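One chain, chain A, appears in both complexes that follow, with chain B as partner in the first and chain C in the second.
Right, the complex of A and B next:
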């Protein structure tokens, strides 16, 4: 009797193990399928004979990367992307910090409608905004170029200033557009974050004799750091991956960003250089990974124990 | 001089008056406790003294100077928050020294003063820890350290012990009293716990619905409550109140039972008889005691017997040590007439006529 019971128990265990093994196998296969493109990109980037098929490289080469920086304007694309997206992220964090704090602390009746209004902006698909935004930017562009022309008559200087401050085909325009696109989510993140920081800290600082600036500098900013990291990471990665806005608002090759450079390399009429494209894709991915690694430290930093027992 | 004078202080929130005209003077070096149920305006009052809330009308003076529009840091006060509000990203040392750092006090002096405060609060070994790595009681002590390191003239406490467990609370009560003795600062302490008020205060201010219900020394409030609110708020278990009418010296309960409360009161209807649980004595009887035992709470050193009568009026009686009673038993009550209080239907205390006292004396 006992033996029968035991054998049926073992049967159940065996079936259980077998089904678990099948589940794992399926999961591994799905993961491999999903990771295939990444493998291909990384392998092909270092493969002297990269092709459109996934293959084990015969050797390892850095020629594709050299090619990007030596023969093409790779460095310029990277720098353009870093400067534009980096500035836009910093600007976004400044505005989101102030805005999020104000929205968190105010009790005004317009708080809720405004918050929903902000998220509504985020819901509208960017292509739907292109025409009106272009119109506004065009108007501002005429105005700023008028100012530049008044400021200097030197054509070279005009060109240089125009590249910096133009709203269309200029750094400033692209930075502001990226900032505007990322601001809604960043404000929401910061608002939610400041909600979680009790007002007691600010009041304690006030009683300790801290000025408004000292409260921000010594108390609020350190406490809000994980929030800034989260908001900054989202803003950076979203703006870094944006293709549409640089395409619409820049035309000169000097302002070309990484995604545009890659897109135009892909569109070239002559044979597609897979090694070049995948190397570019690796470069394009790296900053996002670095940004994540950098922000991760702050993201996991949770502050507790300041209030209550 | 660091006495605190509140002169007809009022506070409005969007048209709702939460503090309705409070006039109190807290003397220099006094330990004053503001006590009352939640929503009575006690925390608002404290925050107005701290400068964290505007004063809608009235005048606040600290050390004789009008403080209505003086910023919190200029009032020479320190405050211990209910939530402690320790900066979580700073160590204990940085937390305690933060106010001095802001004032740009010499670094060596900051270190010295933080060390002194830490020694007083037995925090020396925790100075390099962050608040998250501290227990509730330790956090509480850091919060107090942060207040005393500034050497303020006035320390405000906003329900500082409410987040601690019962045992720690008793310990911290005695520590706070010791600290007050050593420092001599004026202390304003807000709590909803009348035990804290009774044990620590030199002056209790009982707030009710935004008004001062009564103020005075702890035992004065216990012995001479001016109204049913104070009578029931001060003392555990609360004072028993029984409705009825008075004819001569006989107080008739709604159940028809008669209590002799002695001479000196004016007869009337719709009155309330107040008697503290410790002033009642039980006499176990047979079948017809008039009072039935509901529950007996045994605490070891004392027991509380909950009773009801035919009209379901409730009473609590305090008995020394244990008692033999059980639920549904019938008992008789012996009431000491001299310990009876009488209140009118609005809850105001009625006093015995002094003439009778002379006669009695």
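Right, the complex of A and C next:
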């Protein structure tokens, strides 16, 4: 009797070890697959003789990174990306903060249709919008440039204003389109976070004589902070990585952002500076990776909205 | 001056707070989506006579569309791409990693971080990294890897274009499947497993009789989300192959772009967009109804 019990116990430990080994093997193989493409970009960025191929560097250099900041276009791409995606993220947070709060608190008839509508809007594939969005942007662009021409007759000023406020080949257009694309998910996230804040808190503050602004500033904002963090991180990651909008709405070199600038530099097949581009790829990727590391714990919470961030 | 009650003022306030977000989404997503339908009924073009004066052509774009082998090719490529990468590739590898991470393995956070890394990389960089992986000639990374198994150097993006973009998208999406499926696995009560063990069930039996049935809602959610997002992919494939060679990787998004901005046929591009919109809206409505999403 004792012997039987022991042998079955050994069986269990044997299968336990076998499946444990299987688990490690699975994880190691999948991890290798995931890491493989990164070796090249990380090594080449520090390799004085960087090429298209994975190779052990003969020396280590920081020249490629220095080049980015010395080279006018590299620095400009970085700054343009930061300004455009940064403004779009902030704008998204403001609008989604108000929108999410209203959606969470209201009991009006439009609550339900709007929430379902937002899920459907999230599902619209951006490539399907390229033609009509281009037309909308063209229309707004003509309107804005008409205003600018009325406002000043000075050509230099016109060009400057046009660069700032144009919808095609201008900062404002890119900022607003990125913001619009990120809003559905951001509103959904904010609404879920506001749902978790009891209405009583606001009412208690109001009873204690706090003004509307004080309630928002001292009660709502601190409690909703994780929501803003989640919404902001996802908006940033998605807009930062987006390739389609810059491809459609930028043409002049002064407005080029990282994805498009890198893509166009990479198309000049005969004169690709691999060191410069890999260093730039590292710089372009780092903020996204850092943001993703913070956003990861919110990821499962956004699923209820039906669509991943 | 009409005095509003406290409640009425609040209700009005909610509408004002909603307004800016609604306006932006309406102008750049909802209106364009409907506008695509009306554009698809015209011969609008980016250049030439039709650019100044586009006219109503009825369903001519659609009849042309359904007779266009390139459109059917694009639909087929999209279907294979979605099934190959989202339904099979990412799902199988993501499920395997989620199951492995359920076990008491060491270095869990490290494995986790490595698997998540590809998901965090911007689309353009994904294309850049994999062009180096797929580089032809004997020094290409993938060619050196397969050389260990005695395979001759290949021109991956030319010989196996569709398989190549499926591999890249699988690589990118494992993390998402893993994270979602891990949360599904964690929600299965542990005592069911213990009861099965006591009854002498084997690992395989436990997997097929308990894990899979209990995971069905999560798997369904995963399939929906990944299908919809893979359907909307543009930059990843555009930076790798721009739809080529010979339209072999021309997924719907790229077909729309090429028809509209390379062939300059906006009306025809809009007709393809309408097909893509209708497909994704059908998926979306099925999802909202089937899961009865809590709002």
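We take it that the second predicted complex is superposed on the first by the 262 of 309 C-alpha atoms of A that agree within 3 Å, B and C clash if a C-alpha of one lies under 4 Å from a C-alpha of the other, contacts with A are read in each partner's own complex, and residues count from 1 in each chain.
Here is the rule we go by: contacts are C-beta pairs under 8 Å (C-beta built on N, C-alpha and C of every residue); 3 or more make two chains touch, one makes a residue touch a chain.
Everything quoted here is computed from the prediction, not taken from an experiment.
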Between chain B and chain C, more extensive residue contact with chain A: C
Chain B versus chain C as contact partner of A:179, first or second or both or neither: second
Touching partner for A:204 - first (chain B), second (chain C), both, neither: first
First (chain B), second (chain C), both or neither touched by A:47: neither
Partner chain(s) touched by A:218 [first = chain B, second = chain C, both, neither]: first
First (chain B), second (chain C), both or neither touched by A:95: second
Common interface residues of chain A - those touching chain B in one complex and chain C in the other: 303-304, 306-308
Contacting residues of chain B [partner chain A, same complex]: 50-52, 71-73, 77-79, 81, 83-89, 98-99, 102-103, 130-136, 139-140, 146, 150, 163-164
Residue ranges of chain A in contact with chain B within the complex: 198, 200-201, 203-210, 214, 218-219, 222-223, 303-309
Complex interface listing, chain C residues touching chain A: 11, 13-15, 17-18, 20-22, 24-25, 27-33, 35-36, 39, 93, 96-97, 99-101, 103-105, 111, 113-125, 127-133, 135, 139-141, 144, 171, 174, 176, 179-180, 183, 203, 221, 224-226, 228-229, 231-232, 234-235, 238-239, 252-254, 256-257, 260-261, 266, 269-270, 273-274, 276-277, 280-281, 283-285, 287-288, 291, 293-295
Touching residues (chain side chain A, partner chain C) in the complex: 15, 19-20, 22-24, 26-27, 30-31, 33-41, 52-55, 94-96, 98-99, 101-103, 105-106, 108, 111-112, 114-116, 118-121, 123-136, 176-177, 179-181, 183-184, 187, 237, 240-244, 247-248, 258-260, 262-263, 266, 277, 281, 284-285, 288-289, 291-293, 296, 299-300, 303-304, 306-308
